[in-house]
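Input: one structure, supplied below.
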Amino acid sequence: MLTIADKTFRSRLFTGTGKFSRAALMEQALLESGSELVTVALKRVDVQNEQDDILTHLHHPQFHLLPNTSGVRNAKEAVFAAQLAREALETNWIKLEIHPDPKYLLPDAVETLKATEELAKLGFVVLPYIHADPVLCKRLEEVGTAAVMPLGSPIGSNKGLRTIDFLEIIIEQSKVPVVVDAGIGAPSDAAKALELGADAVLVNTAIAAAADPVAMARAFRLAVEAGRLAFEARLAPPTPNAAASSPLTAFLDQL
Amino acid sequence: MLTIADKTFRSRLFTGTGKFSRAALMEQALLESGSELVTVALKRVDVQNEQDDILTHLHHPQFHLLPNTSGVRNAKEAVFAAQLAREALETNWIKLEIHPDPKYLLPDAVETLKATEELAKLGFVVLPYIHADPVLCKRLEEVGTAAVMPLGSPIGSNKGLRTIDFLEIIIEQSKVPVVVDAGIGAPSDAAKALELGADAVLVNTAIAAAADPVAMARAFRLAVEAGRLAFEARLAPPTPNAAASSPLTAFLDQL
Amino acid sequence: MLTIADKTFRSRLFTGTGKFSRAALMEQALLESGSELVTVALKRVDVQNEQDDILTHLHHPQFHLLPNTSGVRNAKEAVFAAQLAREALETNWIKLEIHPDPKYLLPDAVETLKATEELAKLGFVVLPYIHADPVLCKRLEEVGTAAVMPLGSPIGSNKGLRTIDFLEIIIEQSKVPVVVDAGIGAPSDAAKALELGADAVLVNTAIAAAADPVAMARAFRLAVEAGRLAFEARLAPPTPNAAASSPLTAFLDQL
Amino acid sequence: MLTIADKTFRSRLFTGTGKFSRAALMEQALLESGSELVTVALKRVDVQNEQDDILTHLHHPQFHLLPNTSGVRNAKEAVFAAQLAREALETNWIKLEIHPDPKYLLPDAVETLKATEELAKLGFVVLPYIHADPVLCKRLEEVGTAAVMPLGSPIGSNKGLRTIDFLEIIIEQSKVPVVVDAGIGAPSDAAKALELGADAVLVNTAIAAAADPVAMARAFRLAVEAGRLAFEARLAPPTPNAAASSPLTAFLDQL
């Protein structure tokens, strides 16, 4: 079981709600994924409208909502967005995403640290999306982050884990859960992240943009379970060459 | 369902029996893996002794035995070993492994082609272990191979898939099932092979040498299912950059 | 020619002075490298002693000294160290390295931004060592950095370029020179960095820890030239398959 | 100095003559590359015409011609082509390329071994283009090959070295020179091959298809020199983490 702040999760697969072609398809995929933490962009929630379509589809007891601040460009906007989200969705959990550059949506380390500190003081459970930067992770810990969410590769790129060398250091050093976020393009990437010792992964585009999102959601569910199991069962390390042993050869030599 | 020659398999995870610390542990791990095709080295079977220990542990209806010729160094020895195996184990299936070099146990293309041709004529169902060589795969097809088993990396190395560029070509061109054999070191590697379109994988060392082989067997089972599902559900391709869309930004700009 | 602040460089290979077995060997290697910018740790300079050994060996007209702040843990210490360095070495150039973690020596994004801003205001030419973080690079630009020095992999690791996906974005977006620092383990890594469009590389351990540092220095010199030439001559992109054209086949078919 | 059969080479960069936009440009690029062994497809030589354009441009004392059999599909055609080439170009050197598949131009292991044996008996100096297959390399040695030319990645793909794990084994075991052929897409790839201990590389597309082939030829020349120098000067191995040493930290702590 994974614990973050006051919640425990059986599933180590966190999911996103963007880019699905239809809300009903999203709902079905998320149910199939087994996910218990579902991030939703504030931009997608009509905060004035209680009948907002997407929320209806997320109304299942197993889904905890994790509003995200996607679209904000600095700490001040992020704090404001988090407060809006808390009111609208009645949760103090917030996925902090601060990306001033609209092209690659990469996170801003300095503003993220500032916003995390402020939001933690305001009683939020903060899960910040960050570069795979081990030192930043430690500083986020110091100011009260609930978890760290280092990226595997640029958001939406499906390029997989391009930051393994740094994820390994983060996992080695972190005292809070490590959730690999962004870039995970295939179940094998998710399995790999868990094998390395990540506590969870967040997947969105790779499920939503698959030809069959529901089947892909199931594939990710299995892969995450596989990766966690493998981490616990401990993989044998790579070896330089084969351990040959061939009694048959000896037998053949005697013929 | 995967079909090779006259058999169909629900599981796309083939397993090996070497390197387990105890036969009972091997049995439990193989059962947990869901595998239906289990390779066993002739050297490990005492062909004179019907009470041979390893075979007792493989005596389950779901397990088809796939004797392998590990230890032979050329086509002649391989054909002889296959005939021994057919008599001893009452199966005409044979995993053909011809590796003259005891250090890396890499396969010999020329002798493997020769032995495959001869064994196919003798009525064997031949599954040859080979380098990830697309042209050789086509030639094996021409002489009647039942499947091709290109390597991911050197046998027992746990290095994973180091031959992806060539596996992709083999999968694209092959008319017989493609089973990735050797080098698969983690469930994520197995998932990746299936995602690429491989029909199955063969895993031995990574399960047998794990700290907990039974749990690792289960991890591989799930990973292989995940990889196949993902292949069928079709992954979205990598993209150069994020598709930004941020109504929230526009909203914040209006404040 | 590469221009940073008020200086121009013919050589795009910057070098470090640590880890050499003898100062005379260091001198010979640096001369052979063709480097015109040589970083030296304050810790290695005895600021009270004008006869300091290492400086004697760096007393060549082609060498510009780039003192670095290695060993400081925050912006305040960095500014202090930079001021010491300016006095001791009579240069306002400073390589800013702030790494609170002594195990991996990874840089602190937040403190580095703060120190860069302050040092730029104090008239320093600042070259900060940072994670390969594209957003941080833009922020450093805004506060007056003279260049950015993203890492290839952890300092001293010789692992090469593990941050290519992010270096490409940095190079695409940067208005100041991009110098790849840390982790470059072989001339091929240096060539690759230049091929990607980096303006320069900084190499230390890979030269100092080679069996023959002088020959290795020459190898890096050539590799950096090769990489830059290739960048300017523009590489053809990878292609999915061969462009076959075989009149000989047609000819043979006619026989 | 590299020796193959009866010839010694100062340059470890072998080059090809295909895909250049103009023959004069090819000539200039090859001269700039410093190459002393230049492969030319029989298909490009008009064997009936002594004034054949391409040969005129290769008429320099430093260029040894290495006719290749590109376009043949089996050993028989290859032997015939080699004999044609010997007569037309007055050299018993032959680059053996047998690729039955026109899409990827990958080599045929079995036919290549057969042709090598036959050609060696006929007095040819045979340089066969092959998959990076260590066992095949040993067998080619046994039948008298003058060198082995394992591929880095599919011909013309510019994908670089995708077979490193196998090239390392080949280099470790080979008694004849190892020339990495095919797929080298950038000078950094060439440098890397030499750093691994390859004796030479053959480059064609990456030079011919560059925006400026002459400058690119020079880049490859430098990279190959760099890679060889680095191999001889012995690279320090990768290390898991930094070797921290910071007297400055101690000093700062005392303030």
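Note that the chains are named A, B, C and D in the order they appear, and that numbering of residues resets to 1 at the start of each chain.
Criterion: contacts are C-beta pairs under 8 Å (C-beta built on N, C-alpha and C of every residue); 3 or more make two chains touch, one makes a residue touch a chain.
Chains and their UniProt names: A, B, C, D = Thiazole synthase.
These figures come from a predicted structure and were not determined experimentally.
Note on connectivity: the fewest chain-to-chain touch steps from subunit B to subunit C number 2.
Greatest Cα centroid separation from subunit A: this falls to D.
Separating the CA-averaged centres of subunit B and subunit D is a span of 33 Å.
Averaging C-alpha coordinates per chain places the centre of subunit A 45 Å away from that of subunit D. Those residues of subunit A in touch with two or more other chains are numbered 104, 154, 159. Here the chains touching each other pair up as A-B, A-C, B-D, C-D. Interface of subunit B with subunit D (complex): residues 99-101, 104, 106-110, 113, 131, 133-136, 138-139, 153-154, 159, 162-166, 169, 173.
Listing the residues of subunit A that touch subunit B in their complex gives 19, 41-43, 69-73, 77, 80-81, 102-105, 154-160, 185-189, 191-192, 195, 205-206, 209-216, 218-223, 225-227, 229-230, 232-249, 251-252.
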